[in-house]
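Letters A, B, C and D mark the chains as written, and numbering starts fresh at 1 in each.
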């Protein structure tokens, strides 16, 4: 049987990681096709609800990446994001949601190589975890019948 | 219902080699709300842009998706093209199928599928794009130049000569930088000081230039056209308005044992000093750290001897706030010291020196008045060895890059030595000779052929002292790597050029990015070499990468033109990518409940309080309001707002949401 | 109780306030809110362990605001809610009187909110042993056990939003679940809709929850949803040292420290 | 049909259940859950509890669930295809252990879903549901069925009504053909008529007010401060509506997920502050007293006028569930005591 190909979305900031990913391209460093980037102005812009939405729409993994601490183009967006992730990650874990499927990273505009590495290692680890069926069951909005709960 | 056009670029072979562009265009054409789609070899070319414009007219498109390279590359191109065709530029988006797809994947079904997903994502985004109008902001026509080396001097003069105000900030007591330290300059061997000092004086006297020496940038706020810079003017302890620069003070100063920075430590200076005779301004400062009075509370000799009564010990650092419209960063570089090289004796051998120290020895204004003499005993060296690539191009030393100037100045040094010590023998150990540049190769050949400098291709493994001589052990790779040993009197290391220490902090103050070696990063390696990622902040000289003088100067003039261009208008338009608080009909007025947690989250203090009043002036509701002048569009407030009352134009909640939906629902 | 009633009557008599928000005897042994506007009303005031509703929820209701300047009977959770609400500009010191009730049931008077904040310093916001046990029990489950546990519990939710209505911090007049551009939270009370609603609610209460359990007490299905916000409370304290509401310190998620510690970002 | 009476031995109850299951019907019955007793599909008799006054939620969800999928749609290229609700997939259901008040709630609910055009999904579900009622031996302070025309042993709405007798056996009243059909499944368990009288085995629920009077007062006191007074402590959640057997307000939503989606019907409540908000921003019921008045008004005046059915059957669920003790009986008594106009 063919190997499981995880669906992974990456939420990245425009100034560091998006630029870093551009550099990965310019440097022709190869990485897996599983990951698709969504461009945000800043990690501070990334709404925590979008992570749930991604899982709800069938993502098996998520990458969140932005500027290294102190390098934020907007001075502090990534610091706010970091706090948000610290709290949110704790909540997800407490809810039994698999945070191993979420990779947080700082990738600067100069770190094209690191970006490829983040992508490939995340694809690898999520592939090992397999499809996120538990969540897909919950999110299966078309089939799940709602009894008198 | 929107009518969207999708334009898929081959980028020559760059995209079409790995992505089935025809298929992408065809599938895109079948997407909902897509009225038109095509693929073309070079979308960004003149005819390519024409195709977009024609389609906008023919199919009266309400949105455009150009599926090509990174928006960081060509978004402006296609937005302009769309605008020229009568479509609001902000209704045009780019799907990045080159940097994020064709260049990072092999040709395969998956690669094409991914490209299609990226296009679908942007089609969804465009659906929710709204026509936006650029924001007009006034421009403060004053430039701040940080660093008074040749690059800073050149850029300041060029900007000032365009009729704009310039503030030149230099952290040392005098401008001049490295160039002031040099003896002669390659490839013409004309005297560095002689060509530099007139420029320095011009700076000091220029009506449009305010010179702030012994000063540093404290902080920077604001945005292009409207920055506010805080500058710390370090206390000079000397009132320059009174000082005549007579020199009595430094002649009388008792603490004379301070290594002179200008002479690269080959000579000492006093605590109250000017760095060098031609310093600008040619008035002293007191180096508090080394001044007896500041250390012990006693002395005050300089004050006693100062006829002008200019000495003021209790002067304090002063912080001035200056509105500026643009910045040019020209903070330059520094060279590694000999102590960086265990194999060459960790800097413990007095007669192993750096290229910069040799410049001082060779300089008429230097400690030896231009005679080449050994620091240890002042003897004229009979045999001298120059080692190129000392640290440079050396992974192990963490400096894999080429320092660029060493090959040339080493040739120059050897030449100068031969000119001054006719009986002397000079050797140059090198890896490769890099002499690209006008008259550079000829210059090196002159050194070898006319001045009989011995070039040895190979690295020096070790240098050690043996009865007054320096034993240089190396190999000659052109002689099959046979060992070479030279008993030298002096060894000169062409030590690597590295970024200034503290450049990281400066970058963070300026919010510009820097590369792995802490050199400041240009916005584009080829097409935006003097711009940074932060609009309004430009680069010139060796703070971006090692450079020689002509390069630094031309880059400085380039940056100056960018600034002058910006200042040629009275107001500029800014991207309307800013946050807005929703408004709705009474009695709600907005879903904002005025908790103002966004206020603390905003890095720019752009969130204000707006009171909604009835006819009698009673406050009905207080809500958040975004000041469009201050908002930079980071969107931190948006992700933070519990009621989703604040949203950011161009990256709205609906857009980000539907992008995710589109990506995951093929 | 005597002194509370006395004070309440004084305030009403002097017209210093127009309404006293407190508890009265309810039906079948329950207690409930009363809005006393005269001595007869004040006479009905009670205070006992049954009084679990967080009265602060009424401070932001426009229907109640219309009754005039309130005095509110405030046990610890209400005091905490008052500070948090004040820090979010929802209530003003000048526009209300606070009749504090000490854990021993004694009247504590406050002239300023700052006084309340300093009074609260002696009563750190925390969970009792039983709650700690439950939290530990949930935390110690395996990931999938925990997921199933919550899916079971949250599966009960039919989105009556009683938790939201009873929460003094849920004062938004248009809640995120009512925002439909985009429809962040599915309207359906199905598994996904319930999970997303409760996850979002917990995040929105991160650093704001005053641990009054009003949400849980309000839930007709008895879902232990208060433990989601309790977790937020514990994390806020353990990771960021946030110790109960504060007028000055700024909001947990709208502020940051450059040296905030995490161990999961590469 | 005229009501037939039989005796069902307590011992045979479980066997009867098994027969019904064996017939392939889905059986929903009261189950003790972590925090509540509620109707759930059950497989074995021992899953059922009889230790409840009324279930937390009413039996209405058998025909009107909290989320109802009306149809699904699929987009292919630019075409959209719609898949209607497959009525034929609706199973035969037996609601076991329904209280007379719940059963009484069926007809007002049905009246709402059929008052202009029939709601096919609802009516079909109802047609395929058999209600086996169990009359009340216990009641609590929230019960007031007798004040709204019902009683703990009322047969209206049930297809079969079981009443536990002092012997522990059950009086089974076959009320409808549907009920008859159940008996036919297992005639052996339906024995000769018991001698014992039904009434003395029922809970005693005192009459608190006259509901006809309520209608009159509600109409007379439409503009009155009583609504403000009563609604003061209400925090406008939807609990009362969601546990109510007769509340039928719903909200239609489209759930779109790329190429597929569905239209769903969700419970809604007139107590929510946004319930009646207009696009203009105007909200005719922007304060809670208006919404509370609407709730009472709708149940005691509008419904009787329009569909000739009362919207309250006195189960008292809303009073039990309300987080702020909005006790509807207390309020109704208050209203009934208003002076005649």
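Criterion: a contact is a pair of C-beta atoms (placed from the backbone, for glycine too) under 8 Å apart; a residue touches a chain by one contact, two chains touch by 3 or more.
Remember, it's a predicted structure, so these values are computed and weren't measured experimentally.
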What's the fewest number of moves from chain B to chain D, given that each move must go to a chain touching the current one?
1
Chain at the geometric heart of the assembly (C-alpha centres):
A
In terms of CA centroid distance, which chain is the most far removed from chain B?
D
Leading the contact tally is the pair A-B
Taking the mean of the CA coordinates per chain, how far is chain A from chain D in Å?
46
Roughly how far is chain B from chain C, centre to centre by C-alpha average, rounded to an integer in Å?
52
Roughly how many whole angstrom separate the Cα centroids of chain C and chain D?
33
Among all residues of chain A, which ones touch two or more of the remaining chains?
48, 53, 57, 70, 76, 80, 84, 141, 146, 149
Check each residue of chain D and list the ones that touch at least two other chains.
57, 66-67, 255, 257-258, 260
In chain C, the residues touching two or more other chains are 156, 158, 173-174, 184, 186, 188-190, 221, 253-255
Using the touch definition from the top, list the residues of chain A that touch chain C in their complex.
48-49, 52-53, 56, 69-70, 76, 79-80, 82-99, 103-106, 118, 134, 138-139, 141, 144, 146, 149
Contacting residues of chain A [partner chain B, same complex]
5, 7, 9, 14-16, 18-19, 21-22, 24-26, 28-31, 33, 36-42, 44-48, 50, 53-54, 57-59, 70-77, 80-81, 84, 108-110, 116
Touching residues (chain side chain B, partner chain C) in the complex:
588, 591, 593-601, 622, 640, 642-645, 653-654, 657-658
Which residues of chain C touch chain B once you look at their complex with the stated criterion?
88-90, 171-176, 179, 181-182, 184, 204, 250-251, 253-255
Footprint of chain A on chain B - complex, ascending
70-73, 96, 98-101, 103-106, 108, 110-111, 113-114, 117-118, 121, 507-508, 511, 513-516, 521, 533-534, 577, 601, 603-604, 632-636, 638-640, 648, 650-651, 653, 656-657, 659-661, 663-665
